[in-house]
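Accompanying notes for the structure given below.
Naming follows writing order (A, B, C and D), and every chain is counted from residue 1.
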């Protein structure tokens, strides 16, 4: 396996570790509409990678390609050294990719606890009959994972809503629960799709703190899409910029900020 | 809000309590007779006239004679909608109320009731429907299926074919089509017809109609057109019959070659075909019309006095008269049981004895005002059906008329089949109660 | 792990047409071999004999297709009622079948009570309008913005209510349609073709003609009237329609009433062919596979789907049914639809669904 | 004051994860079981046990089955009755082939066959969703119904074309067949329903149940969490059909005692069970019981209860009223409480919890 990171933009990289995931020449079309055209970049172990770009730039589609929800017509996704033309969602999940969604995609009819517990699905091994009995090994397993989930709940400070159905929670809390659910998977790579959209300042600050803590404490690699430039610049190690489905820049926040194409396409526009 | 909820809860509770204790609270000088009726649902077209006939006859006996030897017959209907689930409920209720006899009025209900009745000791009266094998009184002491079974009917159909063609030997190479409801009831005649087809060398073609497609028989009649059967026998029920008659007319099938089982011989069934239904035939054992003295009494004592809900013009229709016949069997069963036991108010056990020795000769039928209008029947302790005569009746465009003379079923064909099937049933059931009831002499 | 870049060679197998062709060829070869080896003649009976029959008696084939066509038209009429309502209110109206029965029953019931035939038609229309208003008031309005599934289930409630109500008013026994009084044609046209007789019932021809007229009228209504345009707008987006000042409540009453009219016409036609009874409600379920084929929102889809199902099930029952003892018509339609569905989950005329997240 | 959770502390997760975490709930269940085990068999009339309680139990089980599919996994099925039929016919074949094996064991085994058939008809569910799937299940309904009539092997070539339930015993007590008393049959039903409900409750509270609900609430997200949609859906079909199958076998063997099964397992039955689930509450096990109680007991109560109370109502009229009432109730419930009787029950409990000081 050629582990040499592809230095696409030619700028020196802050060496934070080996490449965890890279996308190579991805193109995605819906019928005649091109959502992504020939985009390549990589994500290194332990970094916080931001994907930014104006609306309709193909950011979410990119995440969807990474975890296999969409299958790009061209290009490859290389994850932990395995190169695949087609990623399957459950295989991505099993490989350690977790994500949150732009419009919260929680299981609305279930409680916070159950939502986060679903994150443990892949880690629970007890078969059908033990589950039906819910005694002995199955119960032990259930309790063991409950403990992990309770830790996450503590970490995110959502103890008080533990048993409430998530459908009725305020938006900010829902986003937090969703993060919790993704964390419960103990992912190696966490994809966050606009984790702070629609939040007020205080909630944003909380969320930022959680993201940094996750990155620091668990060493989780994070790729995030965010519109708030301040947040992006503060949080991320490297930024990739998309516009109309093409990559226009890739580098550290400072580099990207100075990039003329980015300024034209994006930052120049008053928000 | 709260009170209304409480009220509702209380209401439901009371209802439940009421269902929990269904008490038999009837006067001393009466017997209770529970009848399953189906005045609702897709089969109500047949269920309503039958129920009317039964109710009116019994009302007539109570009004005219003050009951059977002074004992009033309390007739109660339990609505089933021709649904087996509800029939079973009705059976349980009939049992709880100590009915003297249970009439299930559907094949499914009969099948479900047969094993129970042998334990609960309640006679079942399934008049010309139900389980054909139950005509074997040795194995089924508690089931009565007068005046004949579906198998008898099928054999008479073959006889009718032979009569039309000019002899049983003429059957060779002919084709008989059986159009039937795709359910146990509809498939009933198949074994007898198969045997007879082998014996007489005619071909049997089956045309099943799924219950869901009762009114959607297009492709079936195309098959009939393709196969060109010489005769068609219709073992149909409910909405299937009028549709079949209409389709036959549409496909120019000769109506006089199209014969229905007795349950496909309702007035509404034939009326649907309009002018073209003229000549449609069905098997029967009760003459339509109101000429019989007993029918006149129904008009006089019940209908004209406003004691019935039956519209006057419906009295005397084919299915109405079958209802009358069934009610007559019950009444005569009670009378016979009274004679045998010397009791006035009889119970279910007595009723069984009464039915088992029922001998409705022509003379006796004359006495009760039905002589010449219905088939005479003799039930014995081995033969619970009688295998009585029937006739082919024909729709003349407005009413059913007797077309040919009374015909005896092929008893020697039917009887062995009944006995072997009864044996099979009893064997499969495992631990079927051996007949312990003593035999009555026919009276 | 080696990293051999695999350049995508032009993959012939990827082309669906080629795949299909190969599959077809394989089936044909396998069948030919099978029939040749077939000792018990099963394969012959399934794959050869029916076609031999078709060739030998083309008149029967034509007649079968005609029968299929007519029942297809009737299925399509029921399906049309579904589509109208689904298009305009997103409600999957399970009650369309019982509305057919209820409309026909009301018509016949009124006539039996002595109302002249054409007056009875008008009153029945009035009843269907009242029903539409009642459904809008009592069922739809309180349930607005609920998930589709809830509305779907509410139409089950309507179904049960109408069964009880209809029976309580008019009784459950089968009734004759007043075809003569409505001047519907009787009798048949017998055609001597293909060495046999093909008989076309006039009532069936009338059904086909009336159905076509009604579809044309509906299409014109949708295309050229203000209300029709509003209906289409509502179909696209409830909120958008509201924002341009279209009253949802009115629209709903109108579509349900239109579906009621369609139901009445279907009821008259079907009733004239067989009888008016509650057993029709089950026949009406056949409209569901039609919908699957045609897609829930497409009027042409309902027509084409109806014809495919109608002809398919008649051919199936007539030529293949006898192999398994007949009666397969009761489920064949669902399997035809299921087969289609596995290849085109959105129906023949539906749009491809792109899932977003 | 009667219903208090204050002061009941959980010191282990196991205690907190119990199905009935509150002491009052546990007492309530004990009381219900006591009534079911003692009061009903001793004080109920035969009619009550045979025509109210046994149907109630059978329908409850079938409703739990459908609830797993529709309420928990979000897949609508209109073929429940057919799957029940598969259970009934399997049980008949099994007891014919293995007359020595206890009938209760066979009833439990027969569910496996309907689970298999359920999986088969559940296969399209991966590609088909929502209403489309509902129609696909109709294929199962009509096809299986046809097969029950058309394949004589299924009913042992009986001339009647129906299942004729043989007598089977346990310790010489007849459990099935005509001589089994309503009480015995009731106890067998009760035992089966309690045990299977316990299984169902374990399943829906565990990993599988969470997967089902995840698929129901947001299948795409569930897939991205690593839940295999096909597995979860097929599992739901299997478990649901298993319950339906056992209910079907119970229906024929312990309730009907035989009969014309093609007409028993008709589409009407599928609909009624769906209504039970809707009225009881989608996604609630206790709701299944409420729904079954409501829809199986209400018609009986109307038909037999009203005349017994002296309200004159003809059989036919009662039938019509029942239909209208069921229809109206479905609509009312959907409007007032889309979560069914189960939610009303919860609200009631909530009120009790704060009673007599609601604020």
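Simple rule for what comes next: contacts are C-beta pairs under 8 Å (C-beta built on N, C-alpha and C of every residue); 3 or more make two chains touch, one makes a residue touch a chain.
This is a predicted model, so every value here is computed, not measured.
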| item | value |
| --- | --- |
| Between the pairs B-C and B-D, the one where more C-beta pairs touch | B-D |
| Chain occupying the most central position, where position means C-alpha average | D |
| Whole-Å gap separating chain B and chain D, where each centre is the average of the chain's CA atoms | 35 |
| CA centroid of chain A to CA centroid of chain B, Å | 73 |
| Inter-chain centre distance, chain A versus chain D - centres from mean C-alpha coordinates, in Å | 42 |
| Multi-chain contact sites of chain B, meaning residues that touch two or more partners | 39-41, 182, 208, 210-212 |
| Multi-chain contact sites of chain D, meaning residues that touch two or more partners | 142, 145-146, 149-150, 220-221, 267, 319-320 |
| Where chain A touches two or more other chains at once, by residue number | 69, 101, 105 |
| Complex contacts: residues of chain D adjacent to chain B | 44-48, 50-52, 55, 96, 99, 142, 145-146, 149-150, 156, 158-162, 164-168, 174, 177-179, 255-260, 262-264, 266-268, 297, 299-306, 308-309, 314-316, 318-320 |
| Parts of chain B lying in touch with chain C, wherever the complex brings them together | 39-42, 44-45, 48, 182, 206-220, 222-223, 225-226, 238-240, 242-243, 246, 250-252, 268, 271-272 |
| Chain D to chain C touching residues, read off their complex | 76, 124, 127-132, 135-136, 138-139, 142-143, 145-146, 149-150, 220-221, 267, 271, 274-275, 278, 317, 319-331, 334-335, 338 |
| Chain A - residues contacting chain D, complex | 67, 69, 89-90, 92-94, 98-99, 101, 105-110, 114, 117-122, 124, 126, 128, 131-134, 138-139, 142-143, 146-147, 150, 181, 185 |
| Of all residues in chain D, those that touch chain A in their complex | 12-14, 17, 199, 202-203, 205-208, 210-211, 213-214, 216-218, 220-228, 235, 283 |
